[in-house]
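Two complexes, one shared chain (subunit A), two partners (subunit B, subunit C).
Moving on, here comes the complex of A and B:
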């Protein structure tokens, strides 16, 4: 063992230790939940459970409202994604291609969604929604979910549109294509990866939103994360772990499906103007 | 109407729908909470809620606790992420490949789930304690329901995100620039301080802004992991509103946090506008 370590050299050993720490720190909590979800019983201080079982899966699916909450979450996330595409992509195109007064002011105003503490914002929104009669309505829940995503949904496509070279658009215009045709067959397809990443981010964000939904949507709109809060406090850890996996599964599936679009560069453009 | 004016009008009309939504669900509530925070208990307007915020012993210790957690988390996140990102940029090998494959996963894990996983792992009878028990350690440090737990959760949420931002900025530093610096005999440290750090400084500012804003107003992690007292301001805000029904004080707390974020956001926006100015000229 010792000669083997020596032959590797100190750099390799440090790298290996760093990798181990990284894996334990970031994957440990998730792996722990995955084990807990298939555990029948796990006594202290056993390192691994002695009894494996699927009984907690049955238990969770028998709970009232769990399957409805899954359907509801997906419905809301789909609507939120569609609405924010319609709202934000045209704005992103304007920021990238059109010069108009106050454009910087409008562009940076979306930072406000991240600067005010969410809890404080939700409390004020609840007051406003009471006055407007939006409490406990689908529209209210959708509006709350849109807060979190307005910024990425505008900034990521803005940078995607900016990365399309104007020379290409101009040469299409030169051969007689109409402005709309240029947009549809050149600008939009080239900016599509950015728009797709922003939409995935929006969909996942809406699927995960808990605090705002809890304040504005309960009791009529119990989404998955809202149910999760209840399960954490009321049931044993095994049930919570099962539900965690159910809640994380769509995230993993969607990310694997869109792997070739999701890159550090595109995601980073959601947080800065590049 | 001139062509330019027509284009301008088109630009504004494309931006207006999303901006109006922003006004409805963000700007109006912020103004509402400002007004609320200035309302005193007899219905008049003064600064009494803010005065309470800074003179009440419990609130003061909450503010100090929040600042401590926020600053410690931000600094730790920046240092660790920067080292990780620089290492990943300039090294190849198995470990780097594995980290590159995994590091973005936590960005997409719901925060409730991650926090729950951390509680199960690091609680005093959690998996970590069980494993250490077999290595002969009887006692396990108190991490959950303590400041350490909140900071660890913040590291979990923010290191992947910050590494991603910095990694994207570092990949934009061309290899040829570094090669030519090496050719003229610049040492590793010199290359770092004269080239890499200045070229990525702006992204460092972006990252610190978002980490700071994310941590100072956070709720889920401190609510599930934090101690009962002192509390992070996000949790205390919820308690003031939900348990004590004191909307004015909750609004003042929110607005105070917002002012802290605005201070950090100011530098961020200034640096971004400089960039924008260079683009359009």
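Moving on, here comes the complex of A and C:
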């Protein structure tokens, strides 16, 4: 054993220890969460629960409004993603291809919603929504969610479109494709990885949005994260653990499904101001 | 030989002042014409106007006798090969090639056969299943040329297609392209800033400068009789000396040459390095000192410091250089000169 450690050298050993600490730090809470969620009976000195059960899952799903809130969350996230694709992808194409005055300023302005404390922003939006009769409506909730994702949905596809060279579009025109066909067959497919990454972020962000929904949507539109606030404060930690897993699962599944597209390159190039 | 492409008084000016003015040019069927000039001379502007990617301010472009000015690029009987980024990375080579044919509704069997043939023509048989990213730069440009050939364009336009490739590959590619062009009888307009490339592959060269044409002629003519000082400076190697017109001839120091163009006053005399002769009597020669001798393969370049005229470079056969050495006093004469009004 000693010879092995010696052959590795101190650098490797330190790296290994750092990795272990890192894993514990990140995976520990998740593991604890998973154990809590499936606990039947667990007394203090035991390392693991004495009994495993699904009783907290049953409990959570029996709570009034929980199933609906999950369905509502996915519904809203889907609508928000669809609407923001329709709104932002053409805008991103314009930012990437058309030179218009102040385009950099407009692109930069999407950062503003992320630059101020969210609650302050939401309160001022709520004042506006009251006047417009958007409080406690689906439209109001969707608008609040879209405000949050505008930046991802515009910046990342913009850089994706910019990475499609003009010569690539022009050579498609040259062989006989109409401008629309060029966009459909060349530009859009080439920018697709960036658009997919942005859409996934949008979907997850909407699924996770609580503050704005809480302010604008309650009482009629109680999404998963809003309901979770209530459950965490009113019920034992076990129920909260179950709920966290329900919230985390879509993120993990979507990121795994899209890992081919999600790369540091796509992300970092999206956040360069050019 | 009919006229395939006719450009008439074409003008396109950008806000920056770049562009082309009043360009007229006829390209015959099966002819290979090169637009040659430094960057910013307007050669690419001209090519893109023919391809339909730029709207000219004035003038007309006729292909096979019909004006194409109103047609967008996809409706023009032209095809263009760009400097780079020709191919679509999300499609296989086969799909890249088939894209234009599919738009033209060519049947699959016919399409497959045509693609197979053209891949053989560009010496990449069996590359159909690969993605562009798996090919080298040279191979990608071959596929781009193949895609253009497939569409049987009335005029093939090439915008410095080989400039991103290394010298050896560039050489090979231009030879291949010339062969294909001659075999298929293609009409081609080729843009380059490389005068050697232009001289080696063109039927005719159009030398451009600041948006206008300096000279249109065969490579031979351009090399032997550059019409302006600009062309003389741009094409091949050239020595420039100060001369003056006196007594009905052009004088360079003690030397006198005929003055066919009836120039007057001070002139710039241009001499090709291969037209410089060494040795002989001191009469009708200029005196100089050898500064440097460089053997460059089958010939040698000798630099001579000539009194009052600066350095003159001469190309000599390698055998002739053997008797010369650094610092030697020599007399040099010119077999042939060109003269231009001094600028």
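Here is the rule we go by: the second predicted complex is superposed on the first by the 264 of 274 C-alpha atoms of A that agree within 3 Å, B and C clash if a C-alpha of one lies under 4 Å from a C-alpha of the other, contacts with A are read in each partner's own complex, and residues count from 1 in each chain.
By definition in this document, a residue touches a chain if its C-beta (ideal position, glycine included) is under 8 Å from a C-beta of that chain, and two chains touch if they have at least 3 such contacts.
Worth saying up front: this structure is predicted, and the values here are computed from it rather than measured.
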Contacts of A:189 with subunit B and subunit C, given as first, second, both or neither: second
Subunit B versus subunit C, judged by how many residues of subunit A each one touches: B
First (subunit B), second (subunit C), both or neither touched by A:239: neither
Touched partner set for A:16, first subunit B, second subunit C, both or neither: first
Which of subunit B and subunit C A:216 touches, first, second, both or neither: neither
Which superposed partner A:160 touches (first subunit B, second subunit C, both, neither): neither
Which superposed partner A:141 touches (first subunit B, second subunit C, both, neither): neither
First, second, both or neither for A:30, with subunit B first and subunit C second: first
Partner chain(s) touched by A:227 [first = subunit B, second = subunit C, both, neither]: neither
Contact set on subunit C toward subunit A in their complex: 51-53, 72-74, 78-80, 82-90, 99-100, 103-104, 144, 147-148, 151
Residues of subunit A that touch subunit B when the two form their complex: 12, 15-16, 18-19, 22-23, 25-30, 32-33, 35-36, 44-47, 87-88, 90-91, 93-95, 98-104, 106-121, 123-125, 127-128, 143-144, 146-147, 150, 154, 204, 207-208, 210-211, 225, 228-229, 232, 237, 240-241, 244, 247-248, 251, 255, 262, 264-265, 267-268, 271-274
Residues on subunit B engaged by subunit A in the complex (per definition of touch): 7-12, 14-15, 17-19, 21-22, 24-30, 32-33, 36, 91, 93, 95-96, 98-99, 102-114, 116-118, 120-121, 125-131, 133-134, 155-156, 160, 164-165, 167-169, 171, 202-203, 206, 210, 213-214, 216-217, 219-220, 224, 233-234, 237-238, 241, 247, 250-251, 253-255, 257-258, 261-262, 265, 268-269, 272-273, 275-276, 280
Residues of subunit A touching subunit C in the complex: 165, 167-168, 170-178, 181, 185-186, 189-190
